[in-house]
Amino acid sequence: MSTTREPETIVGSINQEPLTSSGSAPKQAETIKLSTERLNFHYGNYKALHDISLNFYANKITALIGPSGCGKSTFLRTLNRISETIRHTRIDGRITLDGEDVLALDVTNLRRRVGMVFQRPNPFPKSIFDNVAYGVRVNGMARGTSIREVVEKSLHRAALWDEVKDKLHETAHALSGGQQQRLCIARALAVDPEVLLLDEPCSALDPIATAKIEDLLFTLKDDCTIVIVTHNMQQAARVADNTGFFLLGKLIEFDQTEVIFKNPAAKETEDYITGRFG
Amino acid sequence: MSAAPTILPRSRVGTFADRLRAGDQFAYTLTLVCAASIFLVTCLLVYELWIGSALSREKFGWNFIFTSTWDPVREDFGAVPFMFGTVVTSLVSLLISVPIGLGAAIFLSEMALPSISDTLTFLIELLAAVPSVIYGLLGIFLLVPVLESVVVPVLKGTLGFLPIFSGPFYGVSLFSASVVLSVMIVPFIISVSREVLLAVPVDQREAALSVGATKWETTWQVVVPYAKRGIYGSIFLALARALGETMAVTMVIGNTPKVQTSLLGPGDSIASVIANQFTEATSDMYISALIELGLVLFAITIIINGLARLLILTTGGRVAK
Amino acid sequence: MLSLTGACTVVIIGILLVILGYLFWNGARYLTVDFFTKLPAPVGESGGGMANAIVGSGKLLLLAVLIGVPFGFLGGVYLAEFGTGIFPSVVRYMTDLLNGVPSIVIGIFAYGVVVARMHHFSTLAGGVALGVMMVPIALRTTEEFLRGVPQSLREGAMALGASKARTIATVVIPAAIKGIFSGMMLDLARVAGETAPLLFTSLGNRFWSPGWDKPTSALPEMIYHYAISPYDEWHRQAWAAGFVLLTLVLLVNIIARQVLARTSHAG
């Protein structure tokens, strides 16, 4: 890196806003579904996230990219407060969902509204049916035959129904990796989330399974707002409307995906996109 | 097209959340109480031993563990014959079981094919599941006659000049108890030692073999020393068990409170005398003395168990999983 | 070296086979239907059985399970899912301590807590002794298998909106239940063969023992008293009882260990 512009000077405007190119900023008329304001996150004494301010627009797919260890997964996990399952962590700053402070909401209700799919498929050691129905039962959202309807609908939405409709009561572990991940998506969809967070959902999958899931995301964004963390830039370029670039726990740049990949404003972004580091 | 999200109305959110929080709190408290009960029971155990032995402790003080008389009639009690019996039978049982057990552990970890090793280990661990009273039953009717007819004559013939094998042998004896104990503790030595030996990294063995060591040399000079601490731990574990064994011992030891040099004479152990005499104890002092014996045994086993765990735990740091 | 170490192994396996063989041969020889159905005959007379001892063992084990399993299981849940700070380490240390206490000393404990207060021997006292003996292994087994459940399953459930208690009850425990149950069965089999703690708690009884507040006989206790008696008839019955007891204990051990072996492969 020749004439290094320090990340601080780029992001270091008064409001610490991430850089966006003028003229192609996300339209302010679009609704903001989920947002963070000066979000800081600590593991014990270690500060993992620095003043992240970011808007996720409704019914759009936002990708978060950046090198390993840059904090994008950590950030994602604060959005549904699943980070709280680890001890000695602290969130400072504001996270809002439809304008409400997420930290003040009841956390189990939050997690129903903001769903998550994890990096490695983690189906429960139960049947396919019971996996999808789990969230529905636990949240008391349906009973009896309507559970069956919800399960069927969710499996359809996750493009898995045809493959499992004859073996709903078999164990989920008999499915392939790609199928298990789609099952986890169906499971998350069954509770009708408004936001779906996906943490590198395809990193453990083969290209064909990956393609299926990417196609899925396009159909899902009509019903929810999607945030996907990915280390695969091509994936971000393929699926996301907006993209945020993270580095060393800071948000360096956030803009429409096209802009990030064709005309990034920050040198760090450009270096990452062109593969100078990764 | 946006599916209407099922947002719970504000009022229901509050109560649902409260119920969830209450559920978590209840689960936490309930499980905490159960965990704490272990703590309480252990304290209560020590308390009962302490209170129950109070009469005896007040009368005899520290002399209790230095006196060798055990006279219920005159109410003069001392722990020495039983401590002697406990320690002697346990140590002799170790002398018998450690070489054989270690040998078998080495065979199972270094020599045998994994499938054979697993099957044989499974069978040996079944030995550990046999109840003590069954060992006692076999001890009385199988072991003692065999010792009488075959083993002891041979011993006396070869090593009879040794004081430990002097004197007459009437079956029930310290020696018989030691042999029974050794059968009972050998599965523990094998099981733990085998695991510790298996955990020694392959590259240690390969390093020795690649400089030309034989398998025997590798095993004794590299593998076993590496696993040394865990093996000592297994020995201490076995010792702790031997010290507390009651039924099999009391059925073959002879139930005679006596200190002697010969293993072939009858003796007694702490656990054995408690089992034998507790229900026949006629006075409060008698019972108190027996409970004090229990306190002594408790103290001994805690110390040995503590040492055992220290050894096995510190091996965990060295030995790769 | 092969021959030396192999010989050691052969000796031990040989001992196992001799033990099993001799016991089963003698036990089968003397096992009759009366053994299961009749009460002990008066001293010196032949015949009779151990029906009361079988029932007595059943009652004692029932009490042991009722006392030992809840505390052990829930305590294990605490250590695996909730424990923070130094308290869990203290509990673990105490558990190992309790586990290492000789069973005769547990008998003294139960004597002090139950018998001395009730002023008589009872089934309850024996059940308490056995129950206390069950707790340490029940707790460690539960903790171990709960810890074996991957964290990703817990996160998956919580991400769907399940509370911690719900997650534990509906995802974590079911995932570990096979191992926990097998461990409990092994614990029960171990306690079923214990004699020492019964000798001055439930004591023994040549007749039926209705209710829970009277002394009762138990299989291992009968074996002991019959084996050390001077009567041949009682020796024969001791063999039969040993056969029954060992068969049950070994069966449970074999089945439970097989299940455990398969759980660790699948898990």
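Each chain gets a letter, A, B and C, in the order it is written, and its residues are counted from 1.
FYI, contacts are C-beta pairs under 8 Å (C-beta built on N, C-alpha and C of every residue); 3 or more make two chains touch, one makes a residue touch a chain.
Bear in mind that the values here come from a model prediction, so they are computed numbers and not experimental data.
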Sort the other chains by how far their Cα centres are from that of chain B and give me the top one.
A
Counting C-beta pairs in contact, which chain pair ranks first?
B-C
What's the distance between the Cα centroids of chain A and chain C, rounded to whole Å?
50
In whole angstrom, the CA-centroid distance of chain B from chain C equals 17
How big is the gap, in whole Å, between where the Cα atoms of chain A centre and where those of chain B centre?
55
Which residues does chain A have that touch at least 2 chains other than itself?
108-109, 191
Expected list for chain C, residues touching two or more other chains, is 163, 166
Pull out every residue in chain B that's touching 2 or more other chains.
20
With touch defined as at the start, can you tell me which chain C residues reach chain A in the complex?
84, 150, 152-163, 166, 170-171, 174-175
Which chain C residues qualify as touching chain B in the complex?
1-2, 4-9, 11-13, 15-16, 18-19, 22-23, 26, 70-75, 77-79, 81-83, 87-88, 90-91, 94-98, 100-109, 111-113, 132, 135-136, 139, 163-166, 168-169, 186, 189-190, 192-196, 199-200, 203, 220, 223-224, 227-228, 235, 238-239, 242, 245-246, 249-250, 253-254, 257
Applying the document's contact rule, which stretches of chain B touch chain C when the two form their complex?
20-21, 23-24, 26-28, 30-39, 41-42, 44-45, 48-49, 51-52, 99-104, 106-108, 110-112, 120, 122-127, 129-134, 136-138, 140-142, 183, 186, 190, 215-216, 219, 240, 243-247, 251, 271, 274-275, 278-279, 291, 294, 297-298, 301-302, 305, 309
Considering only the defined contacts, which chain A positions touch chain C in the complex?
80, 82, 85, 87, 108-112, 115-116, 118, 120, 122-126, 134-135, 138-139, 184, 187-188, 191
